[in-house]
Structure formats: C-alpha cells, structure tokens
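Chain IDs A, B, C and D follow the sequence of writing; residue 1 opens each chain.
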Amino acid sequence: MTANYQKQGTVVTLQHKSRILENNPLGDKFIRDVIIYLPPEYDENHSYPTVYALTGFTGRGKMMLNDSAFAPNIADRVDTLINTGKIKPMIVVLPDCFTHFGGSQYINSTATGNYEDYLTKEIVPFVDENVRTIKDRNFRAIMGKSSGGYGALAMAMRHSDVFGLACSTSGDAYFEHCYLPDIPKAFRAIKNNPKALLDKFWDEEAKKGKDDFSGLNIIGMSACYSPNGTDFDLPFDTLTGEIKQEIWEKWLAHDPVRMVEKYAENLKSLKLLFIDAGKRDEFFLDVGARILCEKLKEHNVPHFHEEFDDGHFNISYRQNRSLELISDSFST
Amino acid sequence: MTANYQKQGTVVTLQHKSRILENNPLGDKFIRDVIIYLPPEYDENHSYPTVYALTGFTGRGKMMLNDSAFAPNIADRVDTLINTGKIKPMIVVLPDCFTHFGGSQYINSTATGNYEDYLTKEIVPFVDENVRTIKDRNFRAIMGKSSGGYGALAMAMRHSDVFGLACSTSGDAYFEHCYLPDIPKAFRAIKNNPKALLDKFWDEEAKKGKDDFSGLNIIGMSACYSPNGTDFDLPFDTLTGEIKQEIWEKWLAHDPVRMVEKYAENLKSLKLLFIDAGKRDEFFLDVGARILCEKLKEHNVPHFHEEFDDGHFNISYRQNRSLELISDSFST
Amino acid sequence: MTANYQKQGTVVTLQHKSRILENNPLGDKFIRDVIIYLPPEYDENHSYPTVYALTGFTGRGKMMLNDSAFAPNIADRVDTLINTGKIKPMIVVLPDCFTHFGGSQYINSTATGNYEDYLTKEIVPFVDENVRTIKDRNFRAIMGKSSGGYGALAMAMRHSDVFGLACSTSGDAYFEHCYLPDIPKAFRAIKNNPKALLDKFWDEEAKKGKDDFSGLNIIGMSACYSPNGTDFDLPFDTLTGEIKQEIWEKWLAHDPVRMVEKYAENLKSLKLLFIDAGKRDEFFLDVGARILCEKLKEHNVPHFHEEFDDGHFNISYRQNRSLELISDSFST
Amino acid sequence: MTANYQKQGTVVTLQHKSRILENNPLGDKFIRDVIIYLPPEYDENHSYPTVYALTGFTGRGKMMLNDSAFAPNIADRVDTLINTGKIKPMIVVLPDCFTHFGGSQYINSTATGNYEDYLTKEIVPFVDENVRTIKDRNFRAIMGKSSGGYGALAMAMRHSDVFGLACSTSGDAYFEHCYLPDIPKAFRAIKNNPKALLDKFWDEEAKKGKDDFSGLNIIGMSACYSPNGTDFDLPFDTLTGEIKQEIWEKWLAHDPVRMVEKYAENLKSLKLLFIDAGKRDEFFLDVGARILCEKLKEHNVPHFHEEFDDGHFNISYRQNRSLELISDSFST
C-alpha cells in the first residue's frame, strides 16, 4: 500500500482459437484467452526469455492476476523482482487449460481434450509469433504449483525440446500419498453418480461437503489418467470402494516418480530442474518430492530440491524462488 | 465454461486523485482506481441507475472482479442478470477503501482517513461526472457484504440523501457477538505490539496463526471505532486482556443496532432497506441482523429481512438477491 | 506399563444420603457415592490432611478414577507423588455434584439444588466422621479444574473457614471471555426449547452438533447463575439472540473477578491460593486468570499465579502441581 | 440420573499371571487384571454364556468401565439390556491386551508378545475355571470395536473352535484405506526415531501434534504386522517416505479382507458373524466393512452387515446392537 514508483510491466490478453480443442469431448471453450505479461520497457526490437506459469487444479491463467490484500499477483511479483534486479526482464505466459472437470493436468486425454498438444503445439508457437520471445528451449521455462507443477514435470519429461527449464512447486507425485487417501472420500461423495457431484460444483448455491472436493479431484484425475473413450474409469468399485487395480495401474503410469526412468535422458538435457514443496503439505507433496528426487538421483538427473516451512496453500511467494532460479539459469 | 453468447458489459478503470485521502495518517495511496462496470449496450445518450458495491475487511473493489473456477465475479454476474431480464441495465461502482490496517469500515477516522467523506463527497460526484448515471438518490443504491454491509448501513443512516437504497449482507452488527469473542484472541496475538502483528501480515512469508486474524481484525476496528488522534486505543488491557469499558463504549456508538434510534428518520426515507445473513455465519451476523431488524421494527423502519442456509464465506451468489431487489426498487 | 512396585493407596466408596439434595428440583439422585482415596499405609491411629478434588462441567468424582492409556488417574497420580516423596500422605475426596443439566458449579441454586451446602455442610462432616482426617481448615484443601476450579474459588471465598487452601486450574472467570462467546451459539442450538436440547444429550444415539455443547453449557450456567424459582432465565432473547442485560448482571454477580472485593478478607485468610491456566485455553481462562489475579493484587490478596503451555483439555498432569503446592502448604 | 431400581450385575477383577506374556519383548506386565461382569442374580448352580469384549488401540478392558456423563459403561449397558429383557443374562469378560506400543491387535508378534495365544490359551480357560460359563464355543462370543473389531475378526477366522460368534464394529479392514493415509503423516512424525515419538506419548506433559497419533498408530501396527525379531520394520523408507512394498505385503497378509479366502471354512462354521461401521468413519472402516462383506459373499460366508449414521468415535451405544444379536444367537 505504500507509494510504489517501480516500473510496471504490461499484461496483454490475446484470444486464440484452438483447432486442437475444437470438438473437445466436454464442450469446453476452444477460443481461449492467452494472458501474456510483458516486462517494463518491453522493446519490440529486443527478444526476451519466456516463462510459462501453470495454475493448479480448478485454476486457469487469469487467476494468477487476481487481487489479494496481502499477496502480490504474479505480474506485481515479476515487476518487483525486475525492479530490484533479482531477475532479468522476461515474458510470462499464463495459459488456460481449465476444463468442466476442474482441470486437464496439462496432458492429452480422450475424455477431456489434448491439452498437452494444445500447450506445446499451439500456444507456444502462438506466443512466439505474437510477442518478442527468444525462440529457443534454453530461454523457455515452465513452472507451476500443484497440478501446475505436475504439468511442468510432464512438459520437462516429454517436451524438453520445447521447455529447457522446469520448476515444480508441490507438484503431484507419488500417487499413493497424494491421491489414494482421497479415494474412500470420493467413494462417499460420488456414490456412483459423478455427474450429480459435478453439477453441485457448477451450482454455486449448492452446499459442498468436505468429501466433495476429494470427489471432484478423483473425477478430474480419472478423466486425465484413466480415460475410456470420451468417458473415464474411476479407480474404485462404486459399490464397495475397493480399489480397481487395473485402473490404478493406469494412474501410476502417469506418476512422475514412475516416469523418471523412461524420460531420464530428456530430464538430463534440461538447463534447470527445480523441485520444492512445503514440509506440511496437506497432500504430502513434500514426501512425493523427496521420492521423486530420490529417483532422479538414481538416474543421475541433475536437479535442485528444496523444502520450505509451509503447507500447500497460500504459497505464491514461492514463485519468487522459481523465477529467480529460472532467471539465473537463463543467464548461464 | 459452456458457450456464452450473452452480451457483455464493459469494465473501465478510472484513476481518481483524492484531496480527502491526501496526507492520510497511514500513508496509504491517495490516487486510487475507481472501477466502473457499464452495462451491455451502454449508451452515452441514456442515463442509468447506479449501484455501489462495497467489499469486506481486507478487500478492495478490484477483488470483486477476481476470477474463480465455479463462481462468477460481479461483472459476469450482472451480465447474466441483465441478459436474463432479472435486472434492468445499471452501472456498478467498485470503490477502493482499503487501508494498511485492512480496511476503513467506510467511515471517517483520524487514525486511518476520512473514507466516509471520500466515498460520499469525492467518489460519487466523480462517478456522476464521468459516466452516465441518474444523479438522484432514488437511483443510487449501496450494497456490500460483511464490512461492506456495515458500510452500506452507515451510508443508509448518515447519507440517505446520497444513497436511496441499501442492502447489507452479513453486515457487522451487535458488536457483543461479532467482535467481542475476538478480543481475547487478539489479546494473545497482539501482546502489546500491534505493529509486530501488522508487519507479519505485510510479510507474505511470515506464518500467521489462527488468532492473528482476530488480532488484525481488532486492530483494524480499533483504528475505525476508537481512534485516538492518529493512533488508536485497543478495547482491552494489553497486560490482562480485560475489556476497557470506556473504549468499548466508543465501539458500541458505531454499532448499527445502537444507531437505529438516532438515524430512524433517514432510514425511513429509503426506497429499499434489505438485510440478510447466513444462518451459520461464523461471526454470528445472522444474530446481529435479527437484533438490528428488531430495532428497525421498534422504530417503524420498513425493511426486508432474509436468512439463508450458509455461513459467512463464499456467498457471493447472494449479490444476485440484492441486485434483483435493487433493480425492482429502481423501477417502482 | 512397566513393573510398578510402589505402595498403593486404597479407594473406598461410601454412600451418603443427603437431606439437602432430597427433593431437589431436577429429581437428581440424593443418595450419592462419596469416593475417598486413602494413602498407602493409611493408619487408623493417625490423622491426615485432606484434599477435595472437584471435576469440571459434565463430570463427577468417579470420573477422576477413569483409566486412560497414557495418563494416570488421580489415585495413581497421588500414589506416585507419595512414593516419590513429592507430597506427604493425604486423603483425597472426590464428590459428586453432577446434575441433569450437566453440573452445579458447586453452588446453591433454586433451579438445581443446594450443592454448596451439600458440599460444606454434609460431605465435609461426613468425610470427617468416616475417615481419619485432621479436622482443621488448615489441613483441608480444595482444588479443581474448569468448573471444578470455579467451585474451588467459590469455596475459598465463601467458606474459608472450611477450606484453608484452594487451587483453581483453568477455573471459570471473567464471564465476558469464557461464556459470552457461547451465547450466540447457544441461541442457535436452543431455539427457545432448552428441553429438546437436553433430551438430545440424554439420548446417546442423538447426533450433537458443535453449537449444542455451547447450548448445554449456557443452560447449565443459567440454572446456576440465573435461576428463577425452580426454573431459570436464559441470558438472551430467544427470538433475536440479544443479550438480556438484567439476566447477564445476575451472572456477573457470580464472576470470581467481581467477587474478589466482597470476599477479600476471607481470601487473605487462606494458607494457599493458587491459580493457573493454559496459555492456549479454548475458553480463554488464562485471560480470566490474569484478570482475576490483577483483582487479587489490587486487594492485596496473596496468591500464586502460573501459566502453562497447553489448552483446556487433557491437562490432568497439572493436578501434580496443585497437589505439591498443597502438600507444601500443609507442612508450613 | 433418574432413580434406578434395576438389578445390577457384579464386576469382579481377577489377577492372572501369564506364562505366555512372561518375558515379553517390551517388558510389559505379565500379571494382568481380568475383569469379569457377572449378571444380576448370578447363580453358582447355573451356567451362563460368555462374551469377550475387546477395546480399540490404546485401550484395555478396564476402560470399558470408565464413567461418562451421558453414556453408560458396558456394565451399566448390560444391566439395562438384561433388565429390559433385550438380552438374556450373560457373563462379559474385558481382557487387557495393551502394550507399550499402544496395543497388540490381539495377535501373536515376536515384537510385542503372543497376545492371540494369551487370549485363547490362557484367558479363556482361566475364565472358564473361575466363573460359571457354558464351556462351549456356541455360547462364547467375541466382540469389539476398531482394533477390538479386528481382534474379533482374527479370532473368528483362526479360533472359531473357541469363539462361535463374532461381532466387529468398525474393525480394521482394507488397509489401503484405513492405514495407508497414515503413512506419510507417520513419516513426518517418526523421522527415523520411533523411540522418541513413543517417549513423547509416555510423557504426559509432552505436546503431541496431529501427525503424532498417526505415527504411534503406524509404529503399533508395524510391531504387530511386520515384526522383525524383537524389533519391527516400518512400512516406509524413513528418508523419503516411499512405501516399502515387501513390508507392506506383510501387512496385507493380516488384512481381514485378504484373510477371508484362507479361513472361509472357519467363518462358515460360526453361529453369528456381524459386521457394522459408521458411514462417516474417519478411518473409512465402513468402506473396509463393505469390501470385507463383498469377500464374505464371494466365499458364501453367512453374515449380517449394517451401517449406521455416525463416525468412529463415541459409538459405544452400538455395543447394544452386538449384544442383542449375540443374545439372540445364543438362544437359537
């Protein structure tokens, strides 16, 4: 609230019409906003490194610009980091990969849409065309929190040719700890009727119980990890709550911890791989991060690992740490 | 998320330089954004009724435009209400009365600034000058939630010449129930050092405990209700936690329940006075509303009173109810 | 759980038929167990100092002997203190002053019964007759937690001729902080029908909501502090939740903080007055204790005051501290 | 609290010196109380059916006699059921299988002691010798809640020759849902030092955090399910929190859901098998019960299954249901 004479960047909102998302099975929008932060004194004759910042489940890029009493939004944050010399000027892109089920995990799914393709094949070229980016994976980073951290890891593993730097804060990993405890709650909340639960979330006046968020989460992840045509399979028996092992195996194939081996070479090629999480993370993503880093170590993948004294929520200040590491890595 | 062909209003952000807030004791900004929603097909040859919407403590107007997964922001909400014919086109103004202490309660205070004057003497005329409002108290409404509801009540009582309609959702009232339970918590959190607690809130990485929010709340309210020059008096002894009766009396003088008698004539002059609250309000503002309505009844002040099945948070859907009642009253 | 070769005391249960409780308005039992702990090697030719230990609301003496995995009951505790030489052998009495409303606060009330008389005029003489006590107020202590602490304070104030030592752990004091926050919750829970709420508590299968405990508490305290013949007055308007000032004043007359002045001479006559509470007490009884001690200081009443790092529950280990101080005071 | 003229049973406490528990690895007591309830008008010339009631983790038989304001203890409960004719007179035995780690699950373990042998080979004969039981498995039932329900199931499976009737209320089952969510919490709480955590529980003044109970639980279960000589293996890597699959498999071998197949014939031989759980059980034991019953169905094991509207705690009123079903089965 104090007087603020720092130079401010500019936020531009471009509209992009996606051929990949057209006819997506959920009927979600295929013309979406692409929100781009341009640094102060952005110069059309100059080129800038770029960071893609991904939101968590139930989020979309726009939310990273939300106003809050005591925490700056990502644009204010980047402004301050640039003004104080902690990072070099850079472009920040906030994509929208939200779906009717709460999110896409930034991956391709026959049940939600091909958001991985959307991001890598449409949005990155679109951004490169429209603003003055350095069109080089070594100057293109991806970062995110929670499901956004998961997305960053997925990109780092499968698209290291597109993104040369990746930061995952509290990214979904080790599904036994981060998702499995939600299954019995989801069993109670869903009661063989995922649609009724979804409708409740889309009716703002409907009262949501505590287990309902677990239910939404398990529905959303099922659509991403165990799609079945345009429908999806829940990882549990809807009459008893017993885990369906064959579906759960499909989920595990998407667990970053299990993907390290397959994508070790891509991961080794990164300029930066940073993994952090709060030591009191409510979804135990600090534990997931430890296990992930152990696998990275086993496969000789260079990476940084940090833990901080906090939980899963209200930790946008950790964006600073990722942005600083990214800026440093851009420069080396 | 479904295709949305409704006509959309326009949000404009004007900058206003306040003489009233200049040199405010907290050094808070005196050049502030005034956010104005103009209805779809806003026509410069036409004049529109206006609603001022006030946020709760720790909020400012901008936040009412925040994006959220499952709840529309106020602009989307008004768009839909207009498109579906539930309300007539209107202008919506979102003022910023935030302070370093978390808020101003929209009243004048030597410790924070004269926000009541700012709103009534500067912002209203400024809006009337800059957009096509109907310059008549019968077409100027004020609504808000929580501290915003308090602000709406204060305006209704002291400025019925400016605002002819008022809606308070979960507005602060009956201070014994809504504030007093926070005092022993604030005693623990503040420990004779309000500044240290405030600093914690302004350091986004600092861990806030549960009692800290009570502490911030009591500091904020003290600055509004019991200022002492540019400083303020806490309503409790900082060594023992005992309530200081003479300070508490100053607070009570600002309790809407106690103000009804004094301002009964102004209240009677309103075209609309609507008071609602959730039956499970965490600050017992439903109980406060009942007591307030009882006083209104005793003084023959016409009003509507509703209770809804919810708590204090995530109830922005109740804006619809206020907006509809306001629109109906504009028309009669 | 390790081998335990310490000498053990003996617990005897005597039955006492009360003339004072006979025909009590609630129809509660008037023949009650008086549970007496006799120290190891209790000798009929010897006389022992005596401690009366009072339970909190919804408790009765018997519960202090309940078995628990990790916390000794009061008999085990006293055994260990005696065996380790931390206290001298003493008799411990566990009275039953429970009522259909959850408790009696150990005071006389036309709505519940004359429990203050019962304790001082019947139980103390009965104990003195039946076991080898030292029949001298300087060797008769009273201690208790929560409502039991309140009872100990009430006895210390009005019956210092009977009890020459008193220890209150987390005793009810400063009613604005410990009871007033329960009033709006009680308003919601009681809804003008105290009987229905009580029936819920007496039907073990009935589901109790969180506010219900506040409701029971306010009913119980009303019966003690604001009886009205054999009925009682609630301290709030059952339609609006507004505090009834004239009833609240009756409550305040029973607040230890307000009683210090009247009973200062009695309090000064005590051999020991000890007041402690947990710094995170959920009912703010640490704050109440501070305010109480401030009043004691103002009236030059000698006392010890301690705060410990805990809340209101699971603090039976603090009995050790009271018992040690009592034993020390018996010896001087 | 109302006058109670019902006939009361008698509780006798016998001391039993166990050869099986002598030299148990934890140094826990081997001379233990065996608490036996004898029905009103117990007649030495008559023989009675017997029920063994097992407590949950951190409990021992004695606790089932604890006094509570609004819920009768098991002796009062059986008194009332007999007096109202809802059950026939029966003997109730409350064994003590507590350990330094919080419990034994009523099974044999090299790390805690052979509590399964203790119960079936020592306590049952000891009871049959000392009181007038009908020495026939068809008149000997076992019931319990939580870990006590687990114990009842284990007995039903492996000792149907001893116990011909079994009731499990909220018994541990389907370990993925009831234990696995505790593992990451236990990882945080234990930090490679189980002893330090245990010491915290045995120091009544030490503050226990929320995760600490999960830590104790996982330590206790490890000692029962994955002992390693007189020590035990935790089911997770103490550096990363990753599940150790080979240890987890040892746990699963003890999961009632997985044991049905092996013991199907024993289970079919029972006169009564009753399984119930609360629909809001905090450990999802209602889900475990559903899965267990599905397995029973697959193996054609007759059983009753009920769900009730409650959680895991304060459900001793469900003892009535088990006792009534047991009494009915004794009679047929």
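What we mean here is this: contacts are C-beta pairs under 8 Å (C-beta built on N, C-alpha and C of every residue); 3 or more make two chains touch, one makes a residue touch a chain.
Note that this is a predicted model, so its numbers are computed, not measured.
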- [ ] Quick one: how many steps at least from chain B to chain D, stepping chain to touching chain?
- [x] 2
- [ ] Determine the centre-to-centre distance between chain A and chain B, using the mean Cα coordinates as centres, and give it in whole Å.
- [x] 35
Open item on the list: Need the CA-centroid distance for the pair chain A / chain C, whole Å please.
Closed with: 56
Task: Euclidean distance of C-alpha centroids - chain B vs chain C, Å - done: 45
Open item on the list: So which chains actually touch one another? I want all the pairs, not just one.
Closed with: A-B, A-D, B-C, C-D
Open item on the list: For a test of understanding, state which residues of chain C touch chain D in their complex under the given definition.
Closed with: 1-3, 26-29, 58-60, 62-63, 65-72, 98-100, 102, 201-202, 204-205, 207, 309-310, 316-317
Task: Contact footprint of chain C on chain B as seen in their complex - done: 174, 176-177, 180-181, 183-185, 187-188, 239-243, 279, 284, 287, 290-291, 294
